[in-house]
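Each chain carries a letter (A, B, C and D) given by its place in the written order, and its residues are counted from 1.
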Amino acid sequence: MLKVAILGGSGYTGAELARILLAHPHVELTAVTSERLAGTLLSDTFLNFRNTDLKFEPLDLKVLTKKADLFFLCLPHKASQETVARLHTAGKKVIDLSADYRLKNAGVYEKWYQTPHDYKHLLKKAVYGLPELYREKIKNASIIANPGCYPTSAILGLTPIISQDFIDKDSVIIDSKSGTSGAGRTPAQPFMFCEVNDSVKAYGITVHRHTPEIEQELSSVAGKKLNVVFTPHLIPMDRGILSTIYIRLTKNISLPNVQKIYRDFYKDEPFVRVLKNGVYPITKAVKGSNYCDISIFLDKRSAKGKTLIIVSTIDNLIKGSSGAAVQNMNIMYDFNETSGLTSPPPSP
Amino acid sequence: MLKVAILGGSGYTGAELARILLAHPHVELTAVTSERLAGTLLSDTFLNFRNTDLKFEPLDLKVLTKKADLFFLCLPHKASQETVARLHTAGKKVIDLSADYRLKNAGVYEKWYQTPHDYKHLLKKAVYGLPELYREKIKNASIIANPGCYPTSAILGLTPIISQDFIDKDSVIIDSKSGTSGAGRTPAQPFMFCEVNDSVKAYGITVHRHTPEIEQELSSVAGKKLNVVFTPHLIPMDRGILSTIYIRLTKNISLPNVQKIYRDFYKDEPFVRVLKNGVYPITKAVKGSNYCDISIFLDKRSAKGKTLIIVSTIDNLIKGSSGAAVQNMNIMYDFNETSGLTSPPPSP
Amino acid sequence: MLKVAILGGSGYTGAELARILLAHPHVELTAVTSERLAGTLLSDTFLNFRNTDLKFEPLDLKVLTKKADLFFLCLPHKASQETVARLHTAGKKVIDLSADYRLKNAGVYEKWYQTPHDYKHLLKKAVYGLPELYREKIKNASIIANPGCYPTSAILGLTPIISQDFIDKDSVIIDSKSGTSGAGRTPAQPFMFCEVNDSVKAYGITVHRHTPEIEQELSSVAGKKLNVVFTPHLIPMDRGILSTIYIRLTKNISLPNVQKIYRDFYKDEPFVRVLKNGVYPITKAVKGSNYCDISIFLDKRSAKGKTLIIVSTIDNLIKGSSGAAVQNMNIMYDFNETSGLTSPPPSP
Amino acid sequence: MLKVAILGGSGYTGAELARILLAHPHVELTAVTSERLAGTLLSDTFLNFRNTDLKFEPLDLKVLTKKADLFFLCLPHKASQETVARLHTAGKKVIDLSADYRLKNAGVYEKWYQTPHDYKHLLKKAVYGLPELYREKIKNASIIANPGCYPTSAILGLTPIISQDFIDKDSVIIDSKSGTSGAGRTPAQPFMFCEVNDSVKAYGITVHRHTPEIEQELSSVAGKKLNVVFTPHLIPMDRGILSTIYIRLTKNISLPNVQKIYRDFYKDEPFVRVLKNGVYPITKAVKGSNYCDISIFLDKRSAKGKTLIIVSTIDNLIKGSSGAAVQNMNIMYDFNETSGLTSPPPSP
């Protein structure tokens, strides 16, 4: 049994990770930290937990490094930087769910996150933990930068075609709709029930921090630097992201041919499902699972070339964060890649 | 007091119209029809109604034409065609909330609605009832084709700039999010609570019937035939539409300049509000009102020209249908344009 | 025009009051206070506001007493005590929406609210502002203690029968379900969207502070001291309270007879509607209005005497607080009692 | 591997059962029937399904009896009667999720369900499938009458004390709040999103069909015939039942003593959790699981004896139907009782 610990376990991401790890057949969860809740039972805060007597403990690396070999970090960005570095120095493996090691270019990080990066030398070591792109590198990684939720939906939705010559790589528009758990568990006025319920709003227009992360990975696949237009929206639901992606065609290609490219690209992927032609993805069908559903449509009516419309759905707390982290762990430790992630999701 | 009747009053649109008209200072609502509910009180079906003893009655034009001078038609498309024609022949004024008289080109109607149009000669008489575009024509119209909900949000969001030379008219993408009341009150599996709640989905991709309506009006303003990409989404909320609109710039123009164009365009409009720079529109702020809120953003990062992002919000049952119908009536009968439409909306 | 001010206007209650008062035909809203938001526009915080340029200002009584003759206090309990007293001394009329002057017995207040009452002499002067019980006293009151939301639903649901000899006055059980706006606008973890959405919970069992308020008024009507069992529940909705009330019969009486007692009792009340036999009240039918809907059922099967089941619904922010406050003002100033409160509520 | 079939698999209960059975380690799901959907893939209707190529087939018992040894019936009441009988005659075991075999007294069934019972001789053979009460009988049963959702929450909430001498057995009031999936998947106006969302209502007051089922089982445990007052409410959430239960004490007993009775009673139960003193149950904590959470409170203030308040929560589609059915199967076939039911539920 692999011994693992969660640092920063009082939020939705930490709780979801704990829930999955507690039921994982090859893992022993030995510690979960929270300064505020230290000494209290996890099950007192997360009433859905049944199978554990674990208590939150303070984040004391001297103690913790004796308790686990793999560390999941659910700390706020910036706070993660040093902890990752210290754990790495101590010879531990780390899956960092913050944004601190996702952007390869420290300058880009510093601009978007408005804070210096003090461990630039580790950026090269960190592997962007999207198995569909980097499975081989993940196997031997010691630091995983676990992808953001919006980027996961966008990158999986675009990767199969972004390097193709029949699309205009500079025309990508990503219109994303997210459930409210993405905003975290810390009380804040805009995420109070009465503010979110029965309403929808756009936010972070042109300035959301997931933008450079999407661009980094799409540029890498495309083989050229590209920019995207990315607009997130807040939806009155707990979980789920649906990204509606628009991209112009530069050459004639039929919808079945594009769909075939997607099916071929993802044919061995355990957690990506390319839906049948004409099926509309719905977040409820992936809620509670590690799946990403993708459906592809073609608008032939556009005056200026046809437009591909790709709809991609995930559960932001699972494939968009904690489930992806477990999938990365499974790959790193040569477990079955789907271990702990196979429960079919309840619906409705 | 103007005598008015509602034909087809058992749905959400009819009920909302009745609610507004019952409180309107210059109007007497004399009849509301429903075949299924004929003989029963409106207030038995719509428990929010207090100030009426009105009963539903059958749609018998011989009876009804004696009761009212202005008719609001909330019938299904196709069913509206003949009733509009008969009322017109009888010398009555009509505000038709169906799609039957919105599209000037009968061929386009027949293609998208898959049904013949039997009263083509009346299409020319019908005025598209968007006051912000056609106020003068509405004044003297005898048939008003009341706009669709998505088109209202899209057209109001784009009209101030679609004729400008600094935008690429062929690059319009409209990503709309709608509450569920837009689907009507008739029971249907996809709109059951458990299917819609806590989830989001896209639908009608590339095939939604509001597409040609949007294109007709934008082409008219732009002075050239244009096509748009339009994708609707279903949101777990009762009311509201938020349309996120993307359009490429072809020339340099600053965001304040674009915002000024909008402010100037709408400066005398009683129901359109251009929000302050940086304010994110939210449907809850217009829910229950006849307002349209618009906010404009500029993405300067796009590789291929900058992209304007326009966010437009309305209440689909008010500015998107019944409120707009009353606004049209106010204009037709020279009432104060805001009569019956001024109650500030409750929130949350 | 009566000049009025709102002290503590940054919460849901204050906002709802401002919304109603801004549209009231006989009132000028001259000031709204908020320490935190002082200097900013009301419409920057409450995006649904259109018809005002009012700004929040600090709570400075020297300034404010020159601006208004009637003061609505939406301050937290305890904070209201002194402000009420100072305004009273200054000869101003006050409608206090806090709990500070509702309980006639200062000892009961001090026990349930865990804080001393420093202005006991004013408790006698304060009139409990439920028009259906105290209309005559309200006319001449200088201090109105505006009722709590749960008490309003419970007291209106029970008043017509609690003094009757066919019921067991000691058997009252009130099971209430409330929307989340009742918890206020201040950020707190239990009222975050993801905590409340798609779930229901009981809270405050046996200890909720509205219990003594309900008991005080029911005891007064019953003519004997009585206790009730009161259990509130949190529902994933913005507004609305539905109270299901159980009370044992001690003598035989038919359901139509009980319903007649209710209809007679409320026959002249503009805002209480006793529903037809068998109609199930629903909060959506009163949401956005000042109405209280009541429906009465009789369970004849109980072994130990029959049980009356009374269901009472209100909008907690209107009839349960701000609307009631305006109704009280209308009575105090001899305006039409329904002024400003007649807009039929939108639904759905 | 035990071969099982689901008859009537197109509703929420059938789908949830299929979901659990497809992941069950000891079971092969060989057939799922639906007349309407026959020939189509389960995964076309239930997009959350991944691990199956099963298609719906018609309900042809000649074919089906060759395919399975245990049959789960998710047919409407009345329709189940004959199918249970025919399967029983064919030597098959049956778990019937309808109400047809729950009531031991055919007259009571016929009165509440308004339909004759044509297989009265089988009522004696049918075991009421609540493991916490009838585990031993379930082991050898050939027909299981799977309990209703409301009865499960009520009976589990009351069983530990209903036979005690310190309570008034004739004073039971059950106020239940249910998610909307309990109403089934068939389209109906009252369960449309816009009717249910952001609202709460009571329904079925004094006439709900689960009443005699609750009474039958509580009477059996109490050792005397008793009646209960039962009021269901519809909540804007997908899943979950919270029952707030009121019962008068006739003797003095302390809350800790009552709580101890509950803890002792359920100490070996894998799916019932008696919460710590003061913890408020919340449906979200059991959503997606087979757990029942129970919390006990004591109101000492009541004039007429103290009142116990018991709050009981379940997921209506799992512990309230499909999960309970699987638990029953596990007991019948001597599988581990928790097989297939151990996934900790996601939250939020």
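Assume a residue touches a chain if its C-beta (ideal position, glycine included) is under 8 Å from a C-beta of that chain, and two chains touch if they have at least 3 such contacts.
Note that this is a predicted model, so its numbers are computed, not measured.
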Chain located farthest away, centre of subunit C as origin (C-alpha): A
Pair of chains joined by more contacts [C-beta pairs], A-D or A-C: A-D
Mean-CA-position distance for subunit B and subunit A (Å): 38
Mean-CA-position distance for subunit D and subunit A (Å): 37
Separation of mean Cα positions, subunit C and subunit A [Å, integer]: 46
Subunit C, residues touching no fewer than two other chains: 12, 179, 181, 194-195, 197-198, 236-239, 282, 284, 287, 348
Residues of subunit B touching subunit C in the complex: 12, 15-16, 19, 22-23, 44, 46-51, 181, 197-198, 238-239, 273, 279, 282, 284-289, 291, 293, 317-318, 342-348
Residue numbers on subunit D that touch subunit B, as the complex places them: 12, 179-181, 185, 187-189, 191-198, 236-238
Residues of subunit D that touch subunit C when the two form their complex: 168, 170-171, 173, 175, 177, 179, 194-195, 197-203, 205-206, 211, 226-227, 229, 231, 233, 235-240, 242, 244, 246, 280-284, 287, 297-304, 307, 309, 311, 348
